[in-house]
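Below, each structure is written out as structure tokens.
Paired with subunit B in one complex and with subunit C in the other, subunit A is shared by the two complexes that follow.
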Partner chain A sequence: MTGKPDYLIALFNSVSHVIRAERILNGQGIPHKIVPVPKHISSDCGVCIRFLPEYRDQIIQKLEGKTEIIEIREL
Partner chain B sequence: MSAIYFDNAATSWPKPEAMMRAMADFNANVGANPGRSGHRLSIEAGRIVFDARERIAVLLGAGDPCTVIFARNATEAVNTAVRGLLRPGDHVITSSMEHNSVMRPLRAAEREGVELTVVACSASGEISPADVARAVKRNTRALFVTHASNVTGTIMPVDELAAVAHERGILICVDAAQTAGSVPIEVEKTGIDMLFFTGHKSLYGPQGTGGMYIRKGLEALVAPLERGGTGSRSEFEDQPEFMPDRFESGTPNTIGIAGLGAGVEHVLSTGVETIRKKEAALTGLFMEGLRAVGGVTVYGPREALKKTAVVSFGIEGISPSDISFGLDERFNIMSRPGLHCAPSAHRTIGTFPTGTVRFSFGIFNTEEEINAALRAIEILVKENK
Partner chain C sequence: MPEIINAKGLACPQPVILTKKALEASDEVTVLVDNSTALENIKRLASSAGCSIEVAGETEGVFKIHLLKKPGISPETAAPPEYLPCDSNGKPAAGPTVFVIASDTMGRGDDELGRILMKAFIHTAIDLESGPEVMIFYNTGVKLAAEGSGVLDDLKNLEEKGVKVLVCGTCVNFFELTGKVAAGIVSNMYDIAGTMSRAGRIVQP
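And then the complex of A and B:
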């Protein structure tokens, strides 16, 4: 894999925060998908939000003050 | 005549069709554990729980849905607050109109070294904010107060009590078991620190649902009652500190929460103000009718707008249990006799240990039912003369 990553993922505290983020992103029409947290990133049994790098800034801005993103990582 | 159900303050019934559909739909089409597994059914279950959380936040005037946590009922939420917040040496204030769901946890805390002051209310169940202010001491931690009495329906002046609490630097924790869904509540505007709700009364959800609102940041000062799996931070053996997971251990009652979410949606789409007006009209009609029947004593405030849709009364010469039994057996009317799990409230209004008969109305009751009940009560009174 070279250059820009195919996808980024945003990690949240728990499923409640993921669903809250999903509700906000749906409302804003920002493409994304809820996926299980990849095992190489965390041993957590939870889910995270996957999106294309171009939406990164928009996602950070729309979720600001509403639900805390713990970390954004390359998939 | 079909059954007339006037026991909505114990559990509302019937329920909205949508509530039953939501529960059946969860079982038939979703069924999974919310947020535990990451597959689509698990995520869908997580959405159902979140939607209910969000609707309750909207209903209560809380900006962040994650300040709302679910519990088995209001009682479990009250116990979490009392046990998690109060420490030996703390002082706590409550009212004499409390239900045992508040009084018993506070009495237990008292035996463990928490100082307790019970502020006496008037014979109609009203509390004086000045009395509460006078009860505050140097070590006072919180005021635990009901939003409305389950015995008399008396609505407490929560705005004024919150102002007193804030002036004196103590927390205000409100038991909204009788009001969430039927009386407007604005936790953030009013400045309520914690609020306990039940799902199966005026929120029209199923039994086994309830929870609480905790003001953002305050959760750090409240120890959880239970610890366990949350589906988050699974690599750590310590309980997560963030909301709502801090207080939600173990698989939740997702099917119940699905029903609760639909019940709350019904309340929101109907409008709490509309519900309030309808219930106040029924309550006013019933109290007016009761006063016209001689030999009946009605307890609590005389004006329907000062109370929830709860009316406690007694008939001279007949015990509450005989009245309720007669209404059930002969007239198919469901009511609740006795002390209503609130002995202190009955002492306050002068009906301990006999108790009262309690009628409590909901959104599905009608004027015809009230009139039928008044005719039945008139017959019981006449027969007793």
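And then the complex of A and C:
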């Protein structure tokens, strides 16, 4: 184990989707963080949502039908 | 024959970048620069890369720098150079770099978008090559230093790295955040105005 946790990031098509997702996750109290899309990943939208792997299923479930995640990747 | 780099008229940090590239390919490099910051930074680069340096004095404002790699010195073992900061006059900036966060949004237009952009900006600040030495938060900017802001971990990392974080006390009081500020030092207008007036560079997203 290194000191730094391994994170996942959810990528979206547009910032509007990120804003909507953030609002939902805040409302549900699911820990997450808005971060810039890492340089090595190409994305139309410059920001994404970072979270710990344990929240993956919960996040997918809460966002389903409300905003569209295009991809979940390891950071 | 040494490789010759003509870096006259190029803005900082271009001369250093070109020199660095040339030294990767060649053991002997001559660089022409026309300002003292570029001269100083190339000297620092050369010394860290294990090169001997010879500067043929200033002729009409141009310095000719001759660099020759000394055998047996590996650049990997040398400490990375600390360059002088770039500014428009080619002179090193006098005071600290101060990031002024005057709002919890970045830019004007859509506040919801602005809040997302500001979070991404603060997250990026720690990795900047020429990052902040002091960060000042005022008006709605103080919300970023309060509990639940979403960038507290970034601010704490910045503080651990030695960045001084000042949070406007009047603003904390106005937004009823007293006792909820979780990063930085709650400060006053004397410190805030004083720090801004002594800054070498102010960055305001």
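Going forward, the second predicted complex is superposed on the first by the 67 of 75 C-alpha atoms of A that agree within 3 Å, B and C clash if a C-alpha of one lies under 4 Å from a C-alpha of the other, contacts with A are read in each partner's own complex, and residues count from 1 in each chain.
Going forward, a contact is a pair of C-beta atoms (placed from the backbone, for glycine too) under 8 Å apart; a residue touches a chain by one contact, two chains touch by 3 or more.
None of the values given here were measured: they were computed from a predicted structure.
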item	value
Partner touching more residues of subunit A, whether subunit B or subunit C	B
Partner chain in contact with A:14 - subunit B first, subunit C second, else both or neither	first
Touched partner set for A:33, first subunit B, second subunit C, both or neither	second
First (subunit B), second (subunit C), both or neither touched by A:58	neither
First, second, both or neither for A:46, with subunit B first and subunit C second	both
Contact residues common to both interfaces of subunit A (with subunit B and with subunit C)	15, 18-19, 22, 34-36, 46-47
Subunit A - residues contacting subunit C, complex	15, 18-19, 22, 33-36, 46-47
Subunit C residues within the subunit A interface of the complex	112-113, 116-117, 119-120, 123-124, 150, 153
Subunit B to subunit A touching residues, read off their complex	34-39, 42-43, 46-47, 49-50, 53-54, 64-66, 230-235, 240, 242, 244-245
Residues of subunit A touching subunit B in the complex	13-20, 22-23, 34-37, 42-47, 66-67
